[in-house]
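Below you will find the structure I want to go over with you.
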Amino acid sequence: MNDDSRMLSWERRTTVPLFVASLLFLTSYAVRVLVHDLSPGWDDLWLLVTAVTWTSFFVDYAVRLVLSGQGLRFVHHHLLDTVVLVLPLLRPLRVVQMYTVLKERQAQARLSLYGRVMAYASVTALLLGFAASLAVYQAERGAPGASIRTFGDAVWWACSTLTTTGYGDVAPVTPRGRVVATVLMACGLALLGAVTGSFSSWLLQVFTREDEEGPSER
Amino acid sequence: MNDDSRMLSWERRTTVPLFVASLLFLTSYAVRVLVHDLSPGWDDLWLLVTAVTWTSFFVDYAVRLVLSGQGLRFVHHHLLDTVVLVLPLLRPLRVVQMYTVLKERQAQARLSLYGRVMAYASVTALLLGFAASLAVYQAERGAPGASIRTFGDAVWWACSTLTTTGYGDVAPVTPRGRVVATVLMACGLALLGAVTGSFSSWLLQVFTREDEEGPSER
Amino acid sequence: MNDDSRMLSWERRTTVPLFVASLLFLTSYAVRVLVHDLSPGWDDLWLLVTAVTWTSFFVDYAVRLVLSGQGLRFVHHHLLDTVVLVLPLLRPLRVVQMYTVLKERQAQARLSLYGRVMAYASVTALLLGFAASLAVYQAERGAPGASIRTFGDAVWWACSTLTTTGYGDVAPVTPRGRVVATVLMACGLALLGAVTGSFSSWLLQVFTREDEEGPSER
Amino acid sequence: MNDDSRMLSWERRTTVPLFVASLLFLTSYAVRVLVHDLSPGWDDLWLLVTAVTWTSFFVDYAVRLVLSGQGLRFVHHHLLDTVVLVLPLLRPLRVVQMYTVLKERQAQARLSLYGRVMAYASVTALLLGFAASLAVYQAERGAPGASIRTFGDAVWWACSTLTTTGYGDVAPVTPRGRVVATVLMACGLALLGAVTGSFSSWLLQVFTREDEEGPSER
């Protein structure tokens, strides 16, 4: 119980800094992928930002590993955290966790249940799509026969992939690009399914409520 | 409460005129995109229709902003309305609201819950698909290397996009066309998900009812 | 009430003959589309089958229109029947109705609720897919630049369309083929959504049941 | 009851050996498809593995057929088993059954209901996707005009098919490859639908729980 409360207190204090660190990590990655003629000084700075933020993720993981007092079982029980530690571009997947902390600061939730699921799944899908666009662009640019040649193409590809439309006018051709694509499909589809499902449930709720309110109005 | 009732009364009175204005806006946009050799007089007329209807949307928004007495919080609470004001081609998304008003005029709803969700989501998806076809056709025609060359191609593209099939035989290549496509995918998928989900629930209901009625018939 | 019972009795007696007529209609259509060098005699025979079965659909519709005593409201209330009358290739959509009649002849239903929804939606989707393959093949063969050149291509296209995969290696290019494709997408998606949704619910049920039975076994 | 208990006891004892046999079957199939220059000795060995494991499936089916004492009705009631017997590459579909047995050996289930559905549907989809990649690769390699030329292409094709994205940059062109593709689409979609649906339900549950716990924390 004591460990648990120290764990909770640690998580409460670190979530927002870690979220800021995630955004910084994503920004530094984006800058280094997208800006071609970075002066050496700036390049070093952004590399430093990448290194520092990634280190902070390791520190947080280590602290929680110790605080939990579970040893290796912690790794097993926090699989998502472990994966996200190695592939920080997947960090957006942890957005739900941050929500819990933020919510306690607000007196009340203003969005309905479905609204919140839609909002958080959408934000996560957007961040994942952005991260995947960057990673695919990095893997594909310069590859012979690539159809993804600009970052705009990569974003367009990510949109058509996340919605499972898959036009195929642009598609990754390198093994690394295809691995990124598979991860995006697997994670993104589940998130988008959550958005669609919640919207559908919300619409049904709206119509049901009208049925119930109808008689009393007349 | 007084403001609320005046708001309600305003919305009740304006919904149908605004819906007609939306259709006029869509029609004038369609004519100006599709009819190539419009005589200057007709062109001016349709431009006027566009201008007048768009203005009426602004007037309605302003009146509701004042009536609500909420100031900037109104913008925050009516995000969909604000978006629709700037991009009137998305107006079909407001169709659900009109339904509430229309329903009060009818004595009873004749469709079941799922039937209504399906009907309204389908109509909204159709109108959105039509608006997106127009916008994509306008963006793509004349672009070098475009695969969407006729309005028929644009409609075909919208159908295969809305259903997430995405053959890719025709696909937008211009940045503006791709932005339109992304909006269509995001909105359309949610709507189509609602249609599919409702149909699935309705089918389950039909089969369940047969189970219950079965024994009593024999 | 009297009209209702005569209506029910009529429907009970005609469903199976009408289903056989539907299959005959589909067969005659298939033969005339697929067999290229039909001798004139056989061609006339199959044309006759088409004509007779189609006429039987009209007779059935007319009898039910009269028995219902509703006049034009019947057309409004039986929209699906009316559509199916004009486009008999959509007949598979009426399969659910036949199920009700068949069920009364069996003492008990042997499939679970989800099983039945899956079975009937699958069968309907299969028949629709077959009918659409035929119609698309008829529209596309001979069209310049068509990618659907054999009936095998058409079946492959129907499979990838029904599952919304949409590879796009084969896709209709003629207006008529694209209209058929749109109908297939719209109807097929809803049916496939029902299959997927029911399977998902059934899987959840299987796992839930194991949870409940688990403790008692140990 | 006696037959039932002997049946249960048989199934309890054979599930794990049969699962190992399935993996061996898949491995031997994979080796023979993927390793091009297998020395005759090794080739014979793997052929033997294929034959022995397949035979073991037949033996198991026969024993259960006799134990059930149902004769031909057993074939009707265990359709999935019968299909899987003839096409052992579909064996992954039986993974759910193995789960029941494994679970009895564990004292408690550690995953939530949705977690288990997701885990088992994912594993089954992965195994099916792998088996389909092998089968499609075997059918397509060497075919004139094939776009699936390496096993990597086949895996990439299976990923984009299972998620219904369907880019179409690689797609089967041979009849056999297309039949495999259709089976993968039909089975895979249902499984992926289960994963997506469960994830969506799980997310809703997470948010609902927070709602309920919220007030008590404050």
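Think of it as A, B, C and D in the order they're written, each chain with its own count starting at 1.
Simple rule for what comes next: contacts are C-beta pairs under 8 Å (C-beta built on N, C-alpha and C of every residue); 3 or more make two chains touch, one makes a residue touch a chain.
Everything quoted here is computed from the prediction, not taken from an experiment.
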Co-neighbours of subunit A and subunit B resolve to C, D
A student comparing B-D to C-D should find more C-beta pairs in contact for C-D
Interface of copies subunit A and subunit D: same or different residues on the two sides (over or under half shared)? different
CA centroids of subunit B and subunit D: separation to the nearest Å works out as 42
Between subunit C and subunit D, the Cα-mean centres are separated in Å by 30
Flagged in subunit B as touching 2+ other chains are 164-168, 197, 201
Among line, ring, star, complete and other, the chain touch graph is complete
The subunit B residues in contact with subunit D across the complex are 164-168
Seen from subunit C, its contact residues with subunit D in the complex are 152, 156, 159-160, 163-169, 192, 195-197, 199-201, 203-204, 206-208, 210-211, 214, 217-218
Subunit D contacts subunit C in the complex at 96, 100, 103-104, 109, 113-114, 116-117, 121, 147, 161, 164-168, 171, 173, 175, 178, 181-182, 185-186, 189-190, 193-194, 197-198, 201
